[in-house]
Structures are given as C-alpha cells and as structure tokens.
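Would you mind keeping the following structure in view while I ask a few things?
So that you can tell them apart, the chains are marked A, B and C in the order they are listed, and the count of residues begins at 1 in each.
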Amino acid sequence: MIEKFNGSKDLHKSVGLPAALQRAADVVSLIGAWIAGLCIVALTLLVLVDTALASLSRILPFLPNGTHIGWEYSAYFMGSAFLLGSGMTLRAGLQLRVELTMSSKRQWLTRMFETFSSLLGTVISTSLTIWLFNFTMRTYGYGEVSDSFTPLWIPQAVLTLGAGVLAFQMIARLVTSLTGGTVNNLDLGAASAIE
Amino acid sequence: ETKLRLSDVLPEGNFQVENAKVFADAVAKATDGEVTITVNAAGSLGFKGPDQLGAVRDGLVDMADINISQQVGLNPLFGAEGVPFLVSSMDELKDYHAFLRPEFEKLAEQYNQKILYMVPSPAQYVYLKVEVEDIDGFKGIPVRGADKNTVDIVTAVGMAGVVMPWGELLPALASGRVDGVATSATSGVDGKFWEFLDYIYPTNHTWGSNAVTINLDTWNSISDEDRAAIEAVAADLEPTFWDVSRQGDLDSIKTMSENGMTLVPLSDELLGEIAEKAASVQEAFFERVPAALPIVDAYKASK
Amino acid sequence: MGAIVSSLFGLLFGTLASGAWIGISLLTTAIGLALLFTGIPVDKLFPQYVFNILTTPDLVALPLFILMGEFLFRTRLSESLFSGLAPWAGLLPGRLLHVNIVGCSIFAAISGSSAATTQVVGRMTLKELLKRGYDPELAIGGLAGAGTLGFLIPPSTVMIMYGVLANESVLRLFTAGFIPGILLSLTFAAYIMIRTTLKPSLIPESERALRHMPLRKRFAALKELAPALFLILCVLGSMYGGLATPSEAAALGVLGAFLVSWSQGSISLKVLRDVVLGAVQTCSVMGIIILGASVLGNITSTLGIPAAVANVVTAMDLQPILLIIALIALYLVLGTVLEGFSMIATTLPVVLPLVEAAGFDKVWFGIFMVLVVEMAQITPPVAFNFAVIQNITGRSTAYIARVTFPFLVIMILFVILLAMFPGIVTFFPDMILG
C-alpha cells in the first residue's frame, strides 16, 4: 500500500527560519504520531476487553457482559489515530498521490507541482482545523453529550488537534518547498512493513 | 420555486421513508410545484441519527425525519416520550401526545425548526428463544437493544441488556451471543427473527416517534400561501401515517406468526411483576429526565 | 446538472493531475462543489462530516487488521508455510510452484492485505524456487497473481472500506469472498498444471524426486502449519464460531499475531515501536482517503448526482454484461495509475448507483471491486505488489509485468464469468447469513 518516493536520505543542511519551522513541525508531528499509536493500542485493548467480557460473562455471571462504551470509544480512538498520525505520514512521504506527475525528470516541474499541492493542502487542512475548532466550541457551548453521556466536545477536540498537526506540517512543507528544501524525510517514523 | 432536501437515516423501504415520500408528493401537488422535497434515505446526506436535529438547526439540511429520542444528547427532554411502561397502546400514546407535543414544538423552535408532523414507531416487543412464565424467566437472558434507554429497561426487568448496532445483531443471534431482541415488529420482520427466535412478548416497554421538521429560516422564506398548504397537507396526512405504523405492526406480527413464532400475551401475574419493577425504572428515568415529570403527571391526571 | 458533473470531474482530475494527495483532492472537490452549488454553510457542514466519518464504528476493524499485518510481517510465518506445504505440493504436476498459490490462499485467510500476502509468502518461496531451478517466469508470475488473493479471501481491508462506503455489511462481503477466492486460486493452480504438463522443462528434473517421500514425513510437516492455522482460528474461527464480530475478530487476530511473534522470540522494544508507528502510518494514509471519499459521496448525494447518473444509465438500457465489461476496461485503465483504495474512493459515489440500476447486487459489486483492485495491484506503473516482488527479486517492473500477464488475463476472464453467473458470489452469503 505504501511506497516511498521522491525523498532523500541525506537532507540538505538547511538553515534559518524555514528550517526551524520544519523542525518544529516534525517534532509536533512525531508527538502526534506517538499519541496516535497509543490510540491504536488503546482501541485494540478496548475491543479485546469487550470480546472477553461477552464470552466470560456467560460462564461467570457476576461479570458485566461488556464495557457498554466499547463501540463508541474505540471509534473515537480510531478517528484520533487517523488524524494525529497524518502529519508524520505526510512528512515521511507516504501519503498517496498520483505519482506520475511527481516523477518528472524536470526538477523545476516537480517542484512546481509540489508547491501547488502543498498550497492546496495548506488551505484545506487549515480550513478544516478552524472549522473543527469552532464546531468543538459550539458543541461545548450546547453541552451536547453522546448516548453514554460522554461530552462530545472531548473527542471533537482531539480530532481538531489532529487536523492542526496536519495543517502545521502542510504549512512547513509549503515553506520548505518554496525555499528549496527537501520535502520528504524518509527517516521520520517507522521502517514500515509494506501494507 | 423552492427545492428542499429531506434527510432520513432510515433505509429505503422503511415505512417512515415511504411516509416522507408520500408527504413530499402531496406537498408538490398542494403548492402547484412551488415547493418540492427530495427525500434522501439511508443517511446518504452524511448525517447520523443523533445529529439530525443539529443539522436542521444549522441549516446543513432543510428538513429531516428525526428520531426524537435520539436527540437526548442535546436536551434530555427529548427523551420524555420514552418513559418506561407508561403507555400501552397507540391510542394511549395519542392521548399522551396531547400533552407532549406542545412541549416538543416549543423545544424544536429553540433549535430553529418547526415540526410538520410526528409518527410513532410501532409497538415494542421483546423476542426470545424461550417461553417465559414469570419474571424470573427473564433473568440473565442477553437481549439486544438499540439504545441506552431500552437496554436500561430490559436490564431492570432482569435481562442482560446489550447495546449493539443492527449490522452486528444477526451474526450475534446466529451464534447465540445474544438470545433475544427488544424492538418493534417491523424490525423483527426486517431481521427475519423467526430464523433465530420463537416467542414474542408484547411488553410495550417504551415508545418513540419520529418528527419531520423544517429549518425555520427556510420555512419563513416560503410564501404564506404555500406554508398554509404545507401545514394542511401535514395535518391531513398525519392520521394516515399513524395508521401505516399501526398496520405495519399488525402485518409484521402476522408475518412472524406465519413463520412459526408465537405471540405470548403477558399473564396478569407477569404484568403485575413488571409493574412492580416499572416503578423503580421510571424513578431512575425521571432522575435522568426531570423535565418529563410534569408532562407525565398532567397526562396521568387526565386519565 | 451538466455544470455540476463537469465541475466534479474538472476539480477531481485537475487536482489529482497536479500532484495533490488523493485525500486532499477529494476534499477539495467536495468543498468546491458545496460552495459552488449549494447554499449550505460549509464551515458547519464539513466538521460534522469529519466527525461522523472518522468515528464510524464499522470502520474500527480496519486499524486492527493493519496492526495485525504489522505483527505478521515480523513473524517467521513464511518459513513455516513453506516447509509445511512443500511435501504436499510436490505430489502435483507443477510441484512446488503450488506453494505460492496455496501459501497465498492460506495467508490470505489471516491477513487483510494483498501486498502483505505477496510479501510474506514470496519472501521464502521465491528464494527457494529459484534456487531449486524452477522456471522464474511461472514462479514470479504465480506469486504476483496469487498474492492478490489477500483482498478476495476474507478478511479484507478492501471489503471493509467498500462496506463502509457502500453501506453494506462487512460480514456479508467477507462471506461472499470465500467461494470466488477458492475458485480463483484453483484456476491459478490449474493454469500452472497445464503449463507444466505441456512443457515439462519448466520444472527441474530433480524435483520429480519430491513424489517419493515417506507418508510419515509428509504428515510430520503439517505441524509446521500450526501457527498459520492458529491465526486463521483467531480471525475467521472466532467470527464464524460466533464468539466475535468482524472488529472483535480483528482484535483477536492482533492478539494471536502478537503471541505467535512473541513465541518465536521476534518481539523487542524496537520491533514494538516499528509495529505501532507502521500501523499509524498506514492508518492515516487510509483514514484520510476514506474521509475524502465519504465527504465527496455525501456531497454528490446532496447534489443528486447519483440519482441523475442512474437515470441516464437506466434510460440507455445497457445490457448488464456490456456495462460490466465497460467497467472492467475503465478500472484497468484507472488501475495503472491509481492505487486500489483511491480507485474505489474516487469512483464509487458515481459508479455504484449505476451498477445497482443495472440490476447488480451490492455484495456482488463489492466482490467485483475487490477483483479490479487486485488487478490494479499488478498493472504498472503504479503496482504495489510489483514493488514488493521487485524488492525480493531485484527484477525490473517490465519483466514482472510480462510474467504476470497470463494471471491478469485469468482474472479478467474470471470477473466476466462472475458477471455471467452472479450466483457464484451471492449463493454462499445467502446460505450462511440468510
């Protein structure tokens, strides 16, 4: 599913503000990715606990037959993981695109496409972050809760944070691309199995 | 010419969706095509049950067929129809609506929308594999409910309630992970319950309606004449829609019986035992939804 | 409607062609259409969509199968599959070439992904087959073909994604995958038997000795399949035994894969780190694409595009079989440049209503989509399974494409067969699930 391309192992030793911005975005993206990892572990454990309770409670009647929040919370963890890990995944050059256009031999062309797509990505991810932030604030204001009485602003705030991580990485990528830096850092993240 | 979109999360073919389409056709006719409504079923506009009210409020969609009790997350009062074991037939429900509906209409206005018509889901039953004589017979049977209220009620009666999405229910029944379901008869036919379950108990444990609402800004942009026409259509069709729901219940019970299921009328003894439990379930309910208490009191006083 | 549809294609292909990430491109198209053709406040609509789509409970199986795949990658399953299957494959004409096919079929019943299936099975078999002097064309082509079974034999990440986007039961889709999956793998095996019978030189002479082996040894080898069978039991066994729903079965698969790799001593802190971060990366890749596709699906419904398209197609009164052949051609072309998930995501909102209008069942079309996605995995230039095989063998894309071509043709004919006899797909889920 994942193919690495268009990146270089030895990053240019870029300096100045753009480089600092990119480093900051990388740190934030990596933290986001680790929280995303914890979300995936948490959702796995939650689903396992629910499965175990459903079977065990038939043998041991004193046990509850489920956590009653498993369906809901595992979905919150999933959504959080999807967005919180997206900044790091983007920086590692793994987010999918139609690669033909990006593999042109003419470097100026590749860079132009890269800058355009970073700009588009910045506009979309920044808008989504702002919209999600206001959405979360409205939900908080209305005091909306889910069927399990969980305040909905909490998972929404985590999604907002995740979109924010992606937006930050997009902005850094745009600046890096404009200033001629290396946009993909293959070393960020894991030596992934090809999925 | 006004073109309106109506969001419904129920699937094509569900009677509420069919009702909405009948309503849409009647509105088009009554307004000489000035107001047309497109019914989008199966959640195809991207909204889920619990956010339909908010979607109409924010103008994300013009109209919605809203499951009222699913809106408790916005305001607990939306749960007021689901009082356990209060109403035992659709006629009683009609009486209860005389007190409830004005409250819902006020509430809807707070959320920037207007209720055009309300139609209840058919009566609720519990379906089991076993024949139950007294209340101890319910004890510990894993029964699936669609929401927390239903699960709380069946649990209070002694069953082991589980919340589970509809899509997971049939495999769970097939494998014996749940041995019963609490839902309406129409859903029972949808799920071909006779393949897994044998006895039908008319518990009437709770009731719930859908309301078709329209965003107030949209409503106010329609001409006085057309608004009057739409209101007339809604008032005219609503009793018919109630009959559709009632008939759906009768037909579904017939279908299930023909397929070998047995409708077990609750014995007086069992009814008494359930009524005993009902008091405490209702108490817990009013603790969660205190605003429902005065409405219920007024309804009870009228009987 | 004309303006809407041309804006849809203009925005989508324009942004895709200029290198935008698939998810961003889908989101741009959706937001653009909403701004241009609806009066809906997008700043309130889209966050609601994002929240609804990313927290869909039916999708939870996806991150779980991805996590399981990351663990499996780090087990020694490939070695044990080979040593368990080789003594039996040696009995058939074509000998150990069948280890590719059977190994992929077995691993497909554990893993949800076809690249992972190709990877894990190929790592061991290709090295061994080439060392023993088997015809490299049949060995490599067979692996590339059979590896795609990872999506068709359940569990399957493609089916999960299709199920969510098409609003169809994932369990039903899984169940529908069995029979076509087994048939396709038998067809591959039959092709290998025919080829090697017609041209015995494809198999080294020395391999005839494989026919003679004490039965005791053959049976002793079977115990090597224990880890694989244990994992199948965790995933498919728990699901069809009624202990677990599809998402829960996936979680049990993660637990099982963890236990297997732990018992083989493959777990370390470094490995756990790679497993988790690897899962995060694959999850966000797929999550963003699913988000974009679902949002675009919602907006096209809002604009009434699917209904309009369905009306047009219904009016054309196209023969269903012609429609399917046209769609195969369309997806073969798209599949050369698009990766499978993006292909489903970008086309489903328009194509599904069209296919339903032609009288095909949603489950049947799910299996169709799985097969065209499989083909996309083996049609260059964008061919993920080729990247895997290239990694193992060092051969060029052109070479791999050439030797895989017969298997691609088999798959195309197989899809046409399924279109002529849709019952092959639907009878089994109808029988099991009612």
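Everything that follows uses one rule, which is that a residue touches a chain if its C-beta (ideal position, glycine included) is under 8 Å from a C-beta of that chain, and two chains touch if they have at least 3 such contacts.
Chain-to-protein mapping (UniProt): A = TRAP transporter small permease protein; C = TRAP transporter large permease protein.
As the structure is a prediction and not an experimental result, all values here were calculated from the model.
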Which chain pair has the highest count of C-beta pairs that touch?
A-C
With centres defined from CA atoms, tell me which chain sits nearest the overall protein centre.
C
Quick one: report the Å distance separating subunit A from subunit B, using the average Cα coordinate of each chain.
38
Taking each chain's centre as the mean of its CA atoms, subunit A sits from subunit C at a distance in Å of 24
For subunit A, what residues touch not just one other chain but two or more?
54, 71
At which residue positions does subunit C touch at least two other chains?
44, 48, 57, 243
Residues of subunit B engaged with two or more neighbouring chains
54, 165, 177
Interface with subunit C, subunit A side, in the complex: residues 1-3, 33-34, 36-37, 40-41, 43-44, 47-48, 50-51, 54-55, 71-72, 74-76, 78-79, 81-83, 85-86, 88-90, 92, 94-102, 113-114, 116-117, 120-121, 124-125, 127-128, 130-132, 134-136, 155-156, 159, 163, 189-195
Residue numbers of subunit C touching subunit A in their complex, please.
15-25, 27-28, 31, 42-44, 46-48, 50-51, 54-57, 59-60, 62-64, 66-67, 69-70, 73-74, 113, 115-116, 119, 238, 243-244, 247-248, 250-252, 254-255, 273-289, 291, 337-339, 341-342, 381-382, 384, 387-388, 391
What does subunit B use to touch subunit A in their complex?
50, 54, 72-74, 140, 142, 147-148, 151, 160, 162-165, 177
Which residues of subunit C touch subunit B once you look at their complex with the stated criterion?
40-41, 44-45, 48-49, 52-53, 57-58, 167, 169-171, 239, 241-243, 245, 294-295, 297-298, 301-302, 304, 433-434
List of subunit B residues in touch with subunit C within their complex
5, 38, 40, 42-48, 51, 54-55, 58-61, 165, 167-168, 170-172, 174-177, 192, 195
